[in-house]
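Below is one structure, written out as structure tokens; the observations come after it.
First chain written, first letter: the chains are A, B, C, D, E and F, and each begins at residue 1.
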Amino acid sequence: MATLPRIADLSATSIGWGFYLCARKEVRTGKTGAYLAIVLQDISGEIKAKAFQDVDVLKEEFDAGEFVKIQGRGNLFNQKLELVLDKIRRVMPDRDALDGFREEDCIPCAPRPLDEMWAELGTHVAAVESPHIRRLLEDMLATYGDRLKIWPAAQAVHHAYRGGLLEHVLKILEGVRHFADAYGANRDLLIAGAILHDIGKLRELNYGVTTDYSVEGNLIGHITIGSAMVRDAARAIDGFPEDLLVQLEHLILSHHGEKALGSPVDPMTVEAFILAAVDDLDAKIHQVRKHIETDDTPGPFTAFHRRLERVIYKK
Amino acid sequence: MATLPRIADLSATSIGWGFYLCARKEVRTGKTGAYLAIVLQDISGEIKAKAFQDVDVLKEEFDAGEFVKIQGRGNLFNQKLELVLDKIRRVMPDRDALDGFREEDCIPCAPRPLDEMWAELGTHVAAVESPHIRRLLEDMLATYGDRLKIWPAAQAVHHAYRGGLLEHVLKILEGVRHFADAYGANRDLLIAGAILHDIGKLRELNYGVTTDYSVEGNLIGHITIGSAMVRDAARAIDGFPEDLLVQLEHLILSHHGEKALGSPVDPMTVEAFILAAVDDLDAKIHQVRKHIETDDTPGPFTAFHRRLERVIYKK
Amino acid sequence: MATLPRIADLSATSIGWGFYLCARKEVRTGKTGAYLAIVLQDISGEIKAKAFQDVDVLKEEFDAGEFVKIQGRGNLFNQKLELVLDKIRRVMPDRDALDGFREEDCIPCAPRPLDEMWAELGTHVAAVESPHIRRLLEDMLATYGDRLKIWPAAQAVHHAYRGGLLEHVLKILEGVRHFADAYGANRDLLIAGAILHDIGKLRELNYGVTTDYSVEGNLIGHITIGSAMVRDAARAIDGFPEDLLVQLEHLILSHHGEKALGSPVDPMTVEAFILAAVDDLDAKIHQVRKHIETDDTPGPFTAFHRRLERVIYKK
Amino acid sequence: MATLPRIADLSATSIGWGFYLCARKEVRTGKTGAYLAIVLQDISGEIKAKAFQDVDVLKEEFDAGEFVKIQGRGNLFNQKLELVLDKIRRVMPDRDALDGFREEDCIPCAPRPLDEMWAELGTHVAAVESPHIRRLLEDMLATYGDRLKIWPAAQAVHHAYRGGLLEHVLKILEGVRHFADAYGANRDLLIAGAILHDIGKLRELNYGVTTDYSVEGNLIGHITIGSAMVRDAARAIDGFPEDLLVQLEHLILSHHGEKALGSPVDPMTVEAFILAAVDDLDAKIHQVRKHIETDDTPGPFTAFHRRLERVIYKK
Amino acid sequence: MATLPRIADLSATSIGWGFYLCARKEVRTGKTGAYLAIVLQDISGEIKAKAFQDVDVLKEEFDAGEFVKIQGRGNLFNQKLELVLDKIRRVMPDRDALDGFREEDCIPCAPRPLDEMWAELGTHVAAVESPHIRRLLEDMLATYGDRLKIWPAAQAVHHAYRGGLLEHVLKILEGVRHFADAYGANRDLLIAGAILHDIGKLRELNYGVTTDYSVEGNLIGHITIGSAMVRDAARAIDGFPEDLLVQLEHLILSHHGEKALGSPVDPMTVEAFILAAVDDLDAKIHQVRKHIETDDTPGPFTAFHRRLERVIYKK
Amino acid sequence: MATLPRIADLSATSIGWGFYLCARKEVRTGKTGAYLAIVLQDISGEIKAKAFQDVDVLKEEFDAGEFVKIQGRGNLFNQKLELVLDKIRRVMPDRDALDGFREEDCIPCAPRPLDEMWAELGTHVAAVESPHIRRLLEDMLATYGDRLKIWPAAQAVHHAYRGGLLEHVLKILEGVRHFADAYGANRDLLIAGAILHDIGKLRELNYGVTTDYSVEGNLIGHITIGSAMVRDAARAIDGFPEDLLVQLEHLILSHHGEKALGSPVDPMTVEAFILAAVDDLDAKIHQVRKHIETDDTPGPFTAFHRRLERVIYKK
């Protein structure tokens, strides 16, 4: 039997077996009995899958959060591609490795290699002239690097995969450095703001193989969490200037651009206006691009995007 | 010459001399030359005043933030009472004390004595059953008591006078304790939330004899500042339960009730709904009452209240 | 065969027979033929049910609005518990009484006994000092007591069960009396406002065993209806002071707190601010509590609440 | 000395004496002493006036709400025409009649004669086919005719002069009758709705020579007042169909078109959509026309209109 | 076998064959295999249909956008009437004509005959007094008449059928002529504005047998397209007055009434206020009427209308 | 007598004479007689001025829109610096040239030289790869270059001076080119969009020495005007691809970012999102910088900015 292609390359005529990450698993009961509703992921994306047969047996063979081996075929349901599964079981690492299973192929991941992105981040830190700010960034990266390197930027909206936060931060860095030059704004502050604006997401989101909100993530939120992480780190640095810290916290707190979007304060410095604009643009472009990629609507426009509240031109 | 009554009792026919706090002082130039535009305060309220004569001399005789002795008379300008001053100079404490000057008479102040309010606050702390929360409150009061006892609750909107924050906190305490009982909510958390919800104002506002916003007050805001003050204090307490702290911070962060009003997170617990509702009601009633008190519009309704966007029925 | 537990205690493994109220009944046709889509209620809550077999026969055996005896088993569908029915027929009162059928067990009802709540309402009326207002309340309760005692507070949003309106009114009464004391507001007016603010719901909603909107309920609305009911009653009382009546009507008309929420006038008195705040808080807490009770989402947070537009922390 | 022209014809070079209604009178104190700030009206419009000399004497010579004889000259202040007065005193009816004083010339009034408008209103009533609705209208006009004939439609926004409400109602009548025919809507209901939609303004506004809000006007509002007036009148008619009454009240209650504009219910019938649209259009066109008339801005556009939030093209 | 009635007259007991237009066709796969999800239309309306048998064969027998002959029966699904099909194939024009097939019976169409509406449009053009405007209208109708005569006014919201745009334009014409007289507005401009306000829809929408948005329709929009079409036509007319053209473009650009609804400029002339009001009212009444027609909810009110955000009273 | 410094360098102690542009002139009448209210501008900014003496003579000596020679002194009024004038007359070019008068010194102007900016614009055009788009830009610059080189970007909000539009366009160009690279967007389209997005302002605004709105500027708006200018130019180019034109018009039409801000369509392409973000950021930063420059508020924060609705941190 054939091997299934990566999720991004599946079609309604695909048939065969493959390795994936099971992101969600649910037993549902319809009129003709129980069936399994599953979400599968790999490095290229995610897809819904269903199993209608041998449900009682299959459901014991794997859990959400595990890597699985499945056998199935593509199917169009309500104009959306899905997989109908004949078999599914958890991966047996040693044995399945022989058939080509590799964890890293099954985890949704940023398009650029993590190490390459991490190295690029380092060059930005090195470009900071203020010794206090550079020291702060180095401390933060030393403390939080393991997570920052792999964290997703969100549970669902944009950059919602391994390395997504880092990918997002690097784009923001490019943008704010452009505008720092264009408007003579404080480049050091903007580099720090770009790197740290979403740092609270390391605690807002729990991330292993799947992503969800932590208790403090919901009740406190990454904006306040991140502001506190930065303050704690700055205080541990001898002589960190108070006014620099206040401005940096202001960048983090105001980066959603307005109160109604969850920033407790509006941007009040040129740097804060720049960071909020660049962040918003990157998040939107990511949503636009992802919507175009996953859209199956015939014709030059996508289906309506609920969050952006418009159709997108695909050209 | 007669002594002027307290500001709240002045009328267009008042004439004489008195002691006040000069809250603002400005030299303005009109067609017929320079004049002094002044704001005077005492324990009973505040009033605008102008001096048209001897401006060059008078303007050297006092500064904003000083206690002053003035001589003048009441005057109606655009239906608002003001004072027209003939003389004004800074208070000479020793000499003027003989004429009855007392600092405490000249500072706008909450209607209840500060000590009485402070004692009442203590009974609320004592009513807390959770040792961790009670300890946290005792620590906070020990650290910040000097300021909390005298701080205003705002620069202008409501409770904008000495002891105003404490007065506001005590009203909130009554309210949340009522609802804690009514809805079986966590009383300890609500007592702590009521006492600490505006604690960040101790750093958001600079207050001596006049009130204005600090740099971190504007750029960070009392909600984030207060949340951090509480976290720091809780961490200093051995074994302070993390979930209690998160819920308490949530109370502080969400107490404006919605994001558009500056809370980075919406209320998500019964306690947070209660605190936000009681806080909002107290602020509104204070504005309504103050508007009625200072309104001179004839008839049963006040003039339009800009912030509340309505007229108020005076009965 | 076993007896099914109360709806609130049903689980996916429940199996047996029981007595319920059929709140809705619909014949739907799917690919494999017609089936019955039903909503069942009892004193503890409500649940969806489906019957797939003998539909043509079963559908004649009962109607929406009737008490039914059913036989069935629990089933999870899209993570929600439902009942799959094998049998359903209308109750035969005499015969089924022998098996334990009691009407009062099958009707969703407030947690507190109606008589106890009614008695408590009387104590509030008795506390009114103004003879005119007390007389007005006595007249209203004499006229509308039968309905006020059993009416739901809404069709769906909050307190949507027998006695729900009275339960809601009593909570409001506690709250407004607290604030009447706290702010020196007119207690008599607030007691009357609390009891009468939703009195128009007695005509806005039709209530027998199920609840729906009357024609005047939709076209006129309970706010205007209630205001008129109170005016008519006050006019029938000799010498009822006009200004009291106007203020009382103002309480009813403004109790939604702002125009966009359906109040034709904004609150313009301290009493109106209080009533609107207490009413809003009670409605929200009821929604929060009900959402927590009926939520099956794993983890410390509920699913997203559409009306409140947030998740709720379950602790 | 020359007679001043009507207010609408005054210019910066006008000088002389004339009779007007004093709508507002205030003593203000500036740097150079007290002056009188006055608003004068006549049949053609209104204008601000000031008196700087002999203030102490002049201020005793007349009151707001009285007809006055003035002597003065035109003056441009901040690009707005005003009058500077040398003399002002209350009218002596007998003596001044000899000089041409007539009350009706001094009261701002609709452009069409009241009697002519009243007669036209009668033809609309006569066109109603439903005997119940015609009877209701006849009763309402019998009861409220004296006021309806002269009432203004507002204190300030639009049709704010004698007969303004009637003028407004007649325009609405034309409009709704057009659409009743165009859309096959209930003409009788629409005629009644047009005549009665603002009937509550007879109690919302106090009107003698000047206009202001009554207590029930502010606390209850003309929408609720009018709905009650109609209900009372309908109940006094034997056999008035309940469904007709509910629909008619719905027209009154929903005629502001949406809740945020003060209607407690949204339009839910074709007739309600029509009435709300026609009413809104008439109010807007009246504001546009009045703004163009009173605007002195050079060029083809008016100054910014605050309520309409735009400039208007004058052509 | 019986002939099915027109779509508007179908019921759950209908059974037989008929001719329709297939507006949409989709193959969906459920648990029990693939089925066809179809939308059928005729002159009287549209209905959903499904085919569960012989899907592989049937799906080759017709396409969306073709006329079809079907055999099937009525069925209620979720309280909505649908058709379950046994057979479906594309029409064979010659052969099926013998059985009564006529294209014009199968296309959703305005209730009034197109030729009658077209003739009426001509009388409005003839009533224009300005030779320039009349010439412009004649040119536009000469150029675009073929499309204007048959175009729908929208893809879905209102007047979404053959001749719908013309039907809408004629209603608007009646309305604006009424108000042109009532308010002494420029009748010629309003006639032109009414005829041309949606003329851009001839390019915004692609219409053959089905309707969808063109690329420029989405990216540029009918307001800008229409404004350009009118400008191009006016420029081709010798001596067309510039100010007339600007006002006419303003009518087109502002006819949605406010920026948030897609008009780049707010109405700034009496004519623009009138056109926007009449257009909005016609669109709303059409939605109300259509909602009432297609609603199956028991009782005097329709189901909730999502776009209008309310229920409608059916009487 | 001394020469006054440039407006940006004036202080309350400045005294002397100088050359300026009179931007506005008005005769106002106060209590003590008429005075002149004037706005003066030079290359460095603008300032209010008043003349209280010899008004009847002085007012004939110059007009708004003329260059003037004045003699006066600095004065603080309501904390704002103004000039009090002793003399003012229109410039006599020949004679005053001897005293140093140069037109270019008296006109508010962008900080960078116009020729330098114009040359830079050319390098952007030259960087366009698409021959059609480059040709379009060359044609547009050939036709509109004279105006584009000197036009202000607005009457008041931002870049409201000679060369302001060009300065704004160049900043936008830098920004969009950065993001074109960063996101792999269509650089040619973005360069064209940046250069042409506000091209309609050449007709929306009348600009000589002062700036105001043209008739079509108000009634049609620069977005629609600009879109039409581009379309006309593109049509004059043989073989200009229709889809390029539609996308380019889309960039112009959507560049305000949302409908409520006056864009008739929302951004639907990556390029449109980029242009709208960069344009908005540049406008905001310009307002922030200008507000900081002109602000005289003591302390680290500016006064409240009405349009941005916040205070700004000045550092």
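Assume a contact is a pair of C-beta atoms (placed from the backbone, for glycine too) under 8 Å apart; a residue touches a chain by one contact, two chains touch by 3 or more.
Fair warning: this is a prediction, and the values are worked out from it, not measured in the lab.
Listed by label, which chains are in contact with chain A and with chain F?
B, E
Roughly how far is chain C from chain E, going centre to centre by Cα mean, in whole Å?
Inter-chain centre distance comes to 43 Å.
Using the average of all C-alpha atoms in each chain as its centre, how far is it in Å between chain B and chain C?
Measuring from centre to centre gives 42 Å for this pair.
Give me the residue numbers in chain A that touch at least two other chains, ranges are fine.
Residues 30, 32, 215, 218-219, 243, 247, 250, 268-269, 301, 311, 313 of chain A each touch two or more of the other chains.
Chain adjacency by touch: line, ring, star, complete or other shape?
other
Okay, what are all the chain pairs that touch?
According to the stated criterion, the contacting chain pairs are A-B, A-C, A-E, A-F, B-C, B-D, B-F, C-D, C-E, D-E, D-F, E-F.
Along chain C, where are the residues that touch chain E in the complex?
The touching residues are 26-32, 212-213, 215, 218-219.
Spell out the part of chain E that touches chain C in their complex, as residue ranges.
Within the complex, chain E touches chain C at residues 30, 32, 35, 52, 75-79, 299-301, 311, 313.
In their complex, what parts of chain D are in touch with chain E?
Touch residues, chain D against chain E: 171, 174-175, 178-179, 182-183, 243, 247, 250, 266-270, 273-274, 277, 280-281, 284-285, 288-289, 301, 309-313, 315.
Using the touch definition from the top, list the residues of chain B that touch chain A in their complex.
Interface residues on chain B, with respect to chain A: 215-216, 218-221, 223-224, 227-228, 231, 243, 246-247, 249-250, 253, 259-265, 268-269.
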